[in-house]
Structures are given as structure tokens and as C-alpha cells.
Amino acid sequence: MDIRIIKAPSTGTLRIIQRRLSSMELEDIHDFGAVGLLQGKIMDMLYAADIAEKTADVCVEDIRGNCPTTMTTLAIFGSVEAVEIAIQEIRKSGKEDGR
Amino acid sequence: MDIRIIKAPSTGTLRIIQRRLSSMELEDIHDFGAVGLLQGKIMDMLYAADIAEKTADVCVEDIRGNCPTTMTTLAIFGSVEAVEIAIQEIRKSGKEDGR
Amino acid sequence: MDIRIIKAPSTGTLRIIQRRLSSMELEDIHDFGAVGLLQGKIMDMLYAADIAEKTADVCVEDIRGNCPTTMTTLAIFGSVEAVEIAIQEIRKSGKEDGR
Amino acid sequence: MDIRIIKAPSTGTLRIIQRRLSSMELEDIHDFGAVGLLQGKIMDMLYAADIAEKTADVCVEDIRGNCPTTMTTLAIFGSVEAVEIAIQEIRKSGKEDGR
Amino acid sequence: MDIRIIKAPSTGTLRIIQRRLSSMELEDIHDFGAVGLLQGKIMDMLYAADIAEKTADVCVEDIRGNCPTTMTTLAIFGSVEAVEIAIQEIRKSGKEDGR
Amino acid sequence: MDIRIIKAPSTGTLRIIQRRLSSMELEDIHDFGAVGLLQGKIMDMLYAADIAEKTADVCVEDIRGNCPTTMTTLAIFGSVEAVEIAIQEIRKSGKEDGR
């Protein structure tokens, strides 16, 4: 599972992300201090989304194209601290699973 | 075949799953205590769906994007117990097949 | 070429298959006693479909997503006996070709 | 490049092929005695289509899903003899290219 | 990068190409004496398109399906000479890059 | 991560790029002196987009087909100098990450 955190994302980066969010529920993603990006198999992303939301004050959403065959990228929005805590917990769970 | 069980899935996780269900027949997936996720070849997923429904009180559905080339992920909804029984039986059948 | 036979398929399994049939000509697939599933390259699937229909009293159809790049899965509907005869003939032809 | 010839294709096979033809110009493919199937890279298929049409009295068409990323399969319709001549010429050209 | 030149393309070949052109700007591709086909990564195709247009009197266009994930094939239309000059220059540039 | 810079892109190259831009915000890409192209995993492209915009006076956009499964190619528009500075910074960050 590949993981990256972008702190205070730039305008163009947010525009690309915004357009690729599957849900319209997160209307303004500019309010978040950071976005964590995870890439992997769809079921591992769903599992990570569940851990993230249960661990920290973050919003989870999948980033996609118009026509995704599999959900490859999960975005975790929140403050820098919240995103870091969520991702720490996801990494820990990955190690316990031996993945 | 990869398998994962998410118990009492979080709101965001259910929102991502809900949006990706192929069928609208399962309108409220919040009532289920657990969701089992299986990932593999479409024909193995169909085979597993058949075993799950014949073994335990669960609902099967495929999770997809807008444009799936192959059904990669199967969701099995039910109580924690029912999902665990269904997945046990699927694992057993996989071993018998030598897969 | 991967092959599987599902006998007396469960309701959920048939619902997933039904939704993924390319043609609407087979309106009620619940009447068939079995469904044979083959997965492989599109031209091998077309070749197998031809053998199946020429060998036994079966209906052939391709299973797909909304947006298939290649026809990966062929469904052969019929009685348990008919499906087994068709698949036997397909296997035999595969051996003759050395595939 | 994979090649197969189906002689006097069965009804179900023709129905699957018909639905996947890119062009509606070939309205009735039941009149042809055989269909040759080639699978490979899009540019090799275009090259083969050109050879087939210049060599024998055949019609070429690409077989696709709703959403092909690359043209993977070329169909060559004609009499059994014409299709065999066209495919022979394609094979020969492939050997000359050292492909 | 794979390269092929089709001289005086046949009717069926042009029909398949025409249908797959991304742009409608090239309305009649029958006027060109040759078509050069290149297949590779989207950014290498864009780079090649740029070289082709700067080198010879050719038109560049990408060939696609309904739903391309990446532009895999570039078509270079022009006289036989112009297409050959353009492709020579692309090959040379590829060698300089060590690709 | 693959990187290429096209200086003063030709008309046909720009037409292909323009048609594949995800956003309509960049209406006239002919004003830019250069376009940098990056190809890789969607999360690495988002990360690179963020670096580019924070480093130099450039516009970032993803290039896609009608139906992208993953954002494979990022375009960075700007003057030749700005694009080169942005790409230098992206390369440097890649080395620090050990990617």
C-alpha cells in the first residue's frame, strides 16, 4: 500500500482532486489542512477508510476517473495532525495483518 | 482470493460501498452488522456468491466502479456471524478445489 | 482457459449474472439447471461458444460490465447434463489445439 | 498474433460477434461461410486488415466491447476459402517482419 | 516504440481508422498516400507527434476506442515520402534519448 | 516517473493535448512556451502537481482519455524556464524519497 501526505495542497492539485472525488458531499476541500493519499486494492482501501474514520477526525473519499475499474486511490481529508494519526493507524493495521 | 471482514463499518466506508453497489435492491446497507469483501476473478466471485447464499443468511452484491471490465470485488452483507460462516465455507471450498 | 460449473445457482448469483448479460434475449435465466462459466481471451471464448452450441442444447452469452475492454467471461446456460457435455467438448478441443 | 477460424458459426456465436462489431455496415454477417479472428496490438490488426482486404474477397471489422481501450480483435468475414487465403497472407507477412 | 507504415490503405482499414480518430478535423483520410502508426506511452506519442509535425508535411492524430485509458496509437497521415521522413526523425530522436 | 519537456509544441500536438485536458479552465494552451509531461501513479502525479505549483509559475492539469482508470499523465504548462524549474524540483523530491 502506497501512502503520501500533501500538506496545504496547492490550488491546481485541489482542482484535480476535486474533479475526481466520487461524491459531491465534500463540496469544499480547501478547508482541510492536509490530504492523505493511499493507493491499493479496492478492498484494502475500504478497510483503510474504515480505520481512518474510526481513529481520527477525518473524511474519507475515493478519487477516481470517469470510468474506474477499481478504486485505486483513497483520499483522507483533515487537519495535518488528524491525517497523520489516521495514516499511522492504517500502517499499524497493515503490519499486524502482515501485509 | 483475498478476503477481509469489516465489522460495523464506518459512515464514510458505507458511503463509498453504497455508491459502488451494482444493484439498487439493497437500499440500506447500514442495517448489516458486517460486510465481507472478496476480490478475485469474476467467475470465482460468482462461485463464491453462490456458496455464501447457500450457506448463511447473507446478501451478496458486486462492488464496482462506473465502468468495470471484470467484477473484481464481491460484498457479502449480514450479521457478523453470518458473514463469518459464509466466508469460512468459501475458504473451505477454495481449498477443496486446490485453488 | 478457466472453467467452473454452478448447479442450481442461488438468487443473488443469478441477479449478478442477469445484470451482466450483454443480450436481453435470455430474459429468464432461472429456468436453467446450471450455468457454465469460462474465462479467457475473447477469440477463444467465441470459439468455445461455437463448440458449445454445436454440441449440446445450451444457450451461450457473454457476461460483462458496463464497459468491457475484452469479453472475459462466457456463460453457458442449460441443464446440468447439457452444460457438462458442452464443457467436455470445449476442453477436448482445447487439448487438440494444444492450448 | 493469435489466429482462429470459425467455419459456419453458430447462432449464439454470431449474436455475440454482431453485437460487438464497431460498424453497422455489415448488417447481416450470417451470409458469410466463415469468420477469421485475430487478436493483437491495434497497429498490427490495422496492418493485417489491410493485407486481408488486398489479398482476398473478405470484409474486415473490429470486434469490441462498449468501451475498448485498444482494438484487440479483428474479424475477417468471407467464404471459408477467402478467409483462409487472407489469413495465410497475414501469417506470411508476419514471418517476413520477423514478428 | 512500435512503428508501422501502411501505404495506400484499403477501404476497410481506413473505415476502422476513421471511426477511431479522436478528432473530426481530418474528415477525409482517403486523400493521404500513407498512414504511419506508432504505439507507446501517451507522453512518448505526444513527443513523436511534435517531431513529426515539425519535420514533414504530415497530420497527426490519435487513434482510440470509445474509452481510452491512455493514448496508445498515433496516426501520421501524409504522402508516403512525408510519412517516411517524419518516422525517420522520430526513430532518430528515440535513439538520441537512448530509448 | 517518466518526464519529457516539449518546447513550443506543434499545432497537432496541442490539439491532441487540448482535447484530453480534464478541465476546461485552461482554454488556450497555445500561450505557453512549453509543456512538461509526467507519467506515473495517480498519487505521485498529485504530489508532483503540488510541488510544481509551489515552485514555479506554472499551471498543472491531467491529460486523460474519455475514460481514465488512473490519471497517468500530468501536464505542466508555463514558460520554458518555469517548466524546467518545476520539473527539476520534482526530480529532486523524487530522489529524496528514494523513488
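Each chain gets a letter, A, B, C, D, E and F, in the order it is written, and its residues are counted from 1.
In the analysis below, a contact is a pair of C-beta atoms (placed from the backbone, for glycine too) under 8 Å apart; a residue touches a chain by one contact, two chains touch by 3 or more.
The model shown is predicted, which means the values in this text are computed figures rather than measured ones.
K.L.:
Find out how few touching-chain steps suffice to connect chain A with chain F.
P.N.:
When the steps are counted carefully, the minimum from chain A to chain F is 1.
K.L.:
Report the chain whose CA-based centre is farthest from the CA-based centre of chain E.
P.N.:
Of all chains, B has its centre farthest from that of chain E.
K.L.:
Nearest 5 degrees, what's the C-alpha rotation angle taking chain A to chain B?
P.N.:
To bring chain A onto chain B, one rotates by 60 degrees.
K.L.:
Look at both sides of the chain E and chain F contact and report whether the same residue positions are involved, with over half shared, or different ones.
P.N.:
Mostly different residues form this interface, as fewer than half of the numbers used are common to both chains.
K.L.:
Which whole number of Å gives the spacing of the CA centres of chain B and chain E?
P.N.:
From the centre of chain B to the centre of chain E is 45 Å.
K.L.:
How many angstrom between the C-alpha centroids of chain E and chain D?
P.N.:
Roughly 23 Å separates the two chain centres.
K.L.:
Between chain A and chain E, tell me the centre distance in angstrom, where each centre is the average of that chain's C-alpha atoms.
P.N.:
39
K.L.:
Name the residues of chain A that each touch 2 or more other chains.
P.N.:
Those would be 66-70.
K.L.:
Considering the complex alone, what residue numbers of chain A touch chain B?
P.N.:
So the residues of chain A touching chain B come out as 22-23, 25, 41-44, 46-47, 49-50, 52-54, 59-62, 64, 66-71.
K.L.:
Flag every residue of chain E that touches chain D in the complex, lowest number first.
P.N.:
Of all residues in chain E, those touching chain D are 2, 4, 6, 9-13, 15-17, 19-20, 37-39, 63, 65-70, 72-73.
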